[in-house]
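Down below are the structures I want you to see.
Below are two complexes that have chain A in common, paired first with chain B and then with chain C.
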Partner chain A sequence: MSADIKSKLRKFHQAKWDEQLIFELDTPGERGIIVGGVEDEIEKQIGNGFANLPTGMKRKKSPALPEVGQMRVLKHYLRLSQHTLGADLNVDIGQGTCTVKYSPKINETIARNHKATKLHPWQDESQVQGALEILYKLNEYLSELSGLDHFTIQPPSGSAAIFTMASIVQKYHEVRGEADQRDEIITTIFSHPSDYSAVALKGYKVTMLYHDPKTGVPSAEALRAAISERTAAIFITNPEDTGIYNPEIPEFTKIAHEAGALCCYDQANANGLLGITRAKEAGFDMCFFNLHKTFSTPHGCGGPATGAMGVTKALKEFLPAPYVEKKKGTYTLNYNLKHSIGKVRSFYGVFPVALKAYSWLRSLGAEGIREASEVAVLNNNYLLTHIKKIKGAEAPYAKGKHRIEQVRYSWEKLFKETGVNTEDVTLRMCDFGFHLWSSHHPFIIPQPFTIEPTESYSKAELDEYLNALRHIAKEAYDKPDFVKKAPYNSVVHRINHDSFDDPKKWAITWRLYKKKHLNQN
Partner chain B sequence: MKVGLIINPIAGMGGSVGLKGTDGEEILKRARELGAEESANYRTLETLRELKKVDSEFTLCTPSGKMGETAAIQCGYNPNVVYRINKTSSCKDTMEAAKTLIQKGVDILLFAGGDGTARDIYSAIGDTCVVLGIPCGVKMHSGVYASHPITAAEIVTSYLKSESKQIVEAEVIDLDEEAYRSDQIATKLYGYLKIPLAPRLTQGVKSRSQASDTNIQRAIAKHVIKYMEEDCFYLIGPGSTTRTVMNELKLPNTLLGVDLIKNRKLIGLDLSEEGIINLIGNSKTKVVVTPIGGQGFIFGRGNQQISPTILRQIGKGNIIIVATQSKLYSLGGIPLRVDTGDIGIDNLLSGYYKIITGLNETVVYNAGV
Partner chain C sequence: MNNFTEVVLRKTKVKVHPYIPNSAPEVKQAMLKEIGIKKVDELYNEIPSKIRFKGKLNIPDGIESEFALKRHVETILAKNTSCVDNLSFLGGGVANHYVPVICDEVNSRAEFLTAYAGEPYEDHGRFQSLWEFQSLMAELLDVEVVSVPTFDGAQAASSSIGMIRRYTGRDEILISDTTSPDRLAVIQNYCHPMIKITMVKHNVKTGMMDIEDLKQKMTKNVAGIYFENPSYLGFIETEGKEISKIVHKNGGKVIVYADPISLGVLTPPSNYGADITCGEIQPLGLHINYGGATGGYIGVNDDPKLVQEYPWRLFGIDKTEVEGEWGFGDVLYDDRTSFGNRETGKDYVGTASALWGITAGVYLALMGPEGMKEVGTVIMQRSQYAAKKISGIKGIKAPAIDSPFFKEFIVDFNKTGKTVSQINKALEKKGIFGGKDLSKEFKELGQSALFCITEENTKEDIDRLVSELKNIIK
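Then we have the complex of A and B:
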């Protein structure tokens, strides 16, 4: 490569096409495909089709879709794709809590096979035994990994799985006649924001435990102060996004159970724990895994997601229906779950995601899964060791302790000493073909950045990333103004975020954009 | 557009020589003897240079000499000098200059200093103008500063360019320096200044769509009101978060005083300890307080009217603490503090609280002595 081998900094430059929006490419009369008219024979038999439509359903005006020729459309999207920094191009470890591990292409090929894509959800069980077998076995593997007894892949995201758990919590207390009394859910401030918002959507009051400033995790004592006969459940992420493992969780679940509450485990951060620790032994009643993250079925813009959710035997009857079962060697769908919360998504969940996760699990086997976790933890602690040595970077809390699979770092020292903040560093990282993310809510750690390397990346790639961080931190001390004007090799420069907080400027559709920004109606 | 600039040239001098502040002529003299140098000017230069780079389409209005003119000229500005100072300047000059700048119609007033300067600005102009502090002081407990001199320039630029010109109220807090020098912490809330809304730049990188603190304060007030008990007294402590409860109930109130309500009706305004005791008698009473930014005091600072006697009667279970999450973050993990002057009651009030941070939303947080 032509990059400076010694410093291993890549001479990257992003493509810039200055491409218009698809709506701006509109040329009236242009067509991508000319759809043929109705054949004479058909029209003779049933009419042209339009005449039969109820008047109320017919549009008065044609939809305002852009009219663009096929070749121009293709060019448009290929150009846009060159503007993006996808996981397959980038050392994509700077998206902590959401890092996409490598998703082997063979799994995509399998999911794209006509044997999977041509299935119809209304097909008779007897015709889809293979698909049901995959769902059944996937549930078995997830049960083995968590220690819980029954899984559903119906929730189409991690947040949906949290919502499903909250729904089961509510139904569980309803059946026991305690739903009115138990109207509070306890979570932690560093748990995922969805642990707060998805349970609030079910009407629960939410209490969040603050962490101890030294250990970085909440104490059992804080939980004791919060728990009462009003508590419906606790929703815990462990490790939280700080990557610190909370060894007191068995005590948490004990306290909650003694108060009559259920215990729900958000395992979105399971990537360093598969094959090592389990929800069951920690005392949880429910848990979920993000198949789209931990089980290598891509996420973000990589495709649909699945929050595979598991429960103990005692809660099986509350699962969303249908549940895949095996009876006398035949796989069937059980719709008769006594206390089922109903559906959280149509049909059985996102089958291609389940198929990819199944394929990934089968290719690794039990030993491979554990090794993946161990490598993810090793990679993370390798980065931690080196990032802590970078002038201006810090890893708050739990000094001297190892972390699990990610760390939320801070550039506070760098900022105080140079005026260069996280956003500046983030934008400068673009110049080397990298992405670095700050963090999501809560903004407790000042000038945050969150890195999660997963097991996918080699030491050479981690070193390349570290070199860029080191280089930028040094630049910040030597010539802060230079960093504050970055990026230089990326197509989008500084964005004024002013309007992001101003609802008057928000335009989520082309029509709104025309109205609010172009003053057209 | 006009930007006002006031530099307190001696701000921060005490800090470099361990004096914990620079208030008063005697301390200033000692600071000079100990070899302290004026640094506010240097920090202001950072802001002015940055401002010059991005946007110079405004008139800089300043007092003469060290209080602004010199720094402005040094950075290539042609300042409009609106106030003349003598050889040595004092806090009176800060106040007079602030008033003059407001009369000249500045769009935003930048001041370089610490909590003492912020207090002077507040007492001179109150909330009649949008201001922003360039952090230069020893004590900076107030919420009115940019997090860095360079950031101050970024905030001013985006505020001048912004169409919506969103502003927030920020606390003006100061220590009793004498007590502080003998290692006692005694903060006081003096009032609120208006600063531009720039959460990303005053508290690090923030969520793009986070509701403003003003809306969160309203949600907190709605929670407090929703769960109010009949025939129970509610003492409403000082602060803008607690005041929102009164505003939501459409009741008159005092920002820095303690007010009393019952069944959503006003019983007393700006009460003293005696006034509170006379009104509540032995009836059930709850107290709504918010921690003071920076040090996180919930009792014993700015609300001494709610005395140990009253607190003992009310009991820990009837203390309602309200705070926006951003205020809790700003404490940097330190526990809330209680310092009523009665160690017995302080210990009694220590321990975990469920702090109301929104509608149906609480945070469990520790309080200590």
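Then we have the complex of A and C:
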């Protein structure tokens, strides 16, 4: 691509290997790796090891795994990696709500140290003081960033943190003898699906607040109308995925507390607020941060992750066990929390993710963390300024106001005028090496697209992304059919969806594909 | 320019962090101008000033240099003693299995490491590698359907219990009392308060499930049973067929938690009546990472009513509009998953362990049927050798429970007069991590420990352990 970035678009084509399935590489006799047998003496003393095993428990038929040589396995997966558009390779601002920022490579190197990778969770505390120090200090910094008092990294994702908060809410009211009375939880229609489903798992009836059509946020009045002595807690995300900050949040938490309900803060959207405003001053009892979003750890195609969850002093005794403490200069795991909800994950949490988050925080420091938030918000409003000008695009609600770290836009006008919908635009964006994501269920905003730039990309990169959006929007008006048949430069063409919801046809594994489509067993 | 000016400029020059490019002053100014504002702070004007954070965060200043950052974190990590520094015999949920270098090579690829939620077009490779994980696991488990991985084995167990609860419409679950206490704690929080848990006893001599106790507790109000095979305590449950018969006769379902690295040589649970096979993928190519690298698997046969109950994503394969191309997508996404519909979604799901699922797929592709047979056999041989040699020490009984075992077994130190804690402290002085102390978890076992032997423990390692134990005991 020439240096004139304002008018030219990248002539991108994704790698396209036309790669087979691993099963299609099966070549009987090939070996990917040899395990090696036991020493002669062991063979002599023990035999093949199966003498005492009842025959019913010895596997009769070998698993039908493919036999593939080592280089070919490597090649296969490297090709598949080239068929994957990771953040390291593109201007990854189109995965709104995901906060796809730079995952510093130094943290990958640090995390591969054997003094991290080869620690066993059942080792004595005295042998893992380094690991416990990292967790303790990370918890301290998260406490400072949120204003809350005690943190745990045990929940393995944001959704798991929501489930953890719901578990604490449940236990809290149980201890006070009000669990039967308080069987309702209030959240909003824009919040993550898990703010409904994880909470419902605890038996709660969930009420969703709707927003004012002008402001885009629910009003304190709406909460007042919905809340009662049956409310156990409110689960609030602020700003919502629309990027709009709800200025009435102190009233929300006041109303909830007056009704005897707890206030839980879903901070998946924290990236614009670090050092700017905190859970504590807004009145929350609990909150969580996504370490794999705001705190830079890599997304890994969908995990590993962590939802680091914090509580006020009053709720410490409900935390999942163990809690990392410091006593006389020594770090220790405290299992004696009076009303602990027990556990939400095996062992202590996703240690490598916590380690990388700690390292990222230490790299930035107090000033850097705040600068990251400010620039994320600057980048977002820069995009908003320009996207609003694209014919066919709109930013519903809060007209004339600034947003925080992301915006949910709409292609509704484009769709009405050209027939090109949000999925079509997304697939055409693939042709330029970009992602573009729509929205969580439900589509409150019609034909939605959500963009979250974070602080990681240069202005020139943001301009490149804008160029592609403008170009495709124009294409939609000029030649809509062309856009509707995209992608052209991706790994594959339009995928047939017939089988995915049909039990007679769905092929969730190779085994099922052979059975249903090739008549093989 | 004289020296003084240079110094002043150097001291007042804005330091731009390498991770925040638009912090560069000229670019920032240009952007502010295009937005039409003077300061970044104006962008926060919707936040009430009374809740604006004022002052400085009580967090240390940033470590600007990459070298200094690396040094800082590594200095803290140096305070750990790892299973590379010492010889480890710890198991109890995760274990030191060999990680083929190809596994690390693939999961450190920038593309796999940093992708997330793109479409099955530009992220085709992500979908294919996870579909291959599903398919490869299905062959190992001898089932037809496997989902993308969950957070860990404990979540797989919990999700499976949720699945059979919804399938049968019954709100009670039976759980074997030799279940891992760590996993049980997760299951208990998951079940509370909607699902009742009733524990089923085991025969203290053999470790096997107490069939009479099961018969008594398996009523028509019970959704089914959950048990682990091999048990957390290492022995192999041989009564699977009988257990399944009793549970099925009463309209219940059977969930078996199985160590996948055993399934190259042990009969897969689906073959003795398991309706759901679940477990932990850590042994398949993941370093232990202080218990922080895990993933859960859930496998069933293709009963559409049971498939409907999966909370986790299920990737499917299909054709595209171009002949010969493979395409992927989500099976039953809309009403089944909470992503698809929050109100009808089963259970809840979130960002879990995709990178580890891809890794486990690579592991199985490398190992193939022969490799899985080899590793299972070697583990059987080595662990039996270890038990035999340890048992040769006066005062020690191994295994404490007289049944066939896989990879782990109980060592009974009661007759030595020493506690497990004392023994482990002494072993540590010799550079060895002894077995997990069971004295608090299973009081009836007294001073006993769970020893784990993998394919990484050579004869030399085991002989060294035995020699040190001999010295400590006498």
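One rule holds in what follows: the second predicted complex is superposed on the first by the 487 of 521 C-alpha atoms of A that agree within 3 Å, B and C clash if a C-alpha of one lies under 4 Å from a C-alpha of the other, contacts with A are read in each partner's own complex, and residues count from 1 in each chain.
Rule of thumb we're sticking to: a residue touches a chain if its C-beta (ideal position, glycine included) is under 8 Å from a C-beta of that chain, and two chains touch if they have at least 3 such contacts.
Please read these numbers as outputs of a predicted model, since none were measured by experiment.
**Q** Look at A:359 in the shared chain and tell me whether it touches chain B only, chain C only, both, or neither; answer first, second, both or neither.
**A** Second partner only, chain C.
**Q** Return first, second, both or neither, reflecting whether A:194 touches chain B, chain C, both chains, or no partner chain.
**A** Once the two structures are laid over each other on A, A:194 reaches chain C alone.
**Q** With the two complexes superposed on chain A, say which partner A:270 touches: chain B (first), chain C (second), both, or neither.
**A** After superposing on A, A:270 lies clear of both chain B and chain C.
**Q** Let me test your reading of the model: by the given contact rule, A:234 touches which partner, first (chain B), second (chain C), both or neither?
**A** Neither partner.
**Q** Who does A:500 touch here: chain B (first), chain C (second), both, or neither?
**A** In the superposition, A:500 contacts both chain B and chain C.
**Q** Figure out whether A:221 sits in contact with chain B (first) or chain C (second), or with both, or with neither.
**A** After superposing on A, A:221 lies in contact with chain B but is clear of chain C.
**Q** Going by the contact rule set out at the top, does A:438 touch chain B (first), chain C (second), both, or neither?
**A** After superposing on A, A:438 lies in contact with chain B but is clear of chain C.
**Q** Which chain, chain B or chain C, is in touch with more residues of chain A?
**A** Between chain B and chain C, C touches the greater number of residues in chain A.
**Q** Check the residue A:448 against both partner chains and state whether it touches chain B (first), chain C (second), both, or neither.
**A** The first partner, chain B, only.
**Q** Just which bits of chain A does chain B share with chain C as contact spots?
**A** Shared contact residues on chain A (touching chain B in one complex, chain C in the other): 196, 200, 440-442, 496-498, 500-501.
**Q** Please give the residue numbers of chain A that touch chain B in the complex, ascending.
**A** 186, 189, 196, 200, 204-211, 213, 218, 221-223, 225-226, 412, 415-416, 419, 421-423, 438-444, 446-448, 480, 484, 496-498, 500-502, 504
**Q** Considering the complex alone, what residue numbers of chain B touch chain A?
**A** The contact residues of chain B facing chain A are 46, 147-151, 158, 161-164, 166, 197, 199-200, 203-210, 212, 325-326, 328-329, 332-334, 351-352, 354, 357, 360-366.
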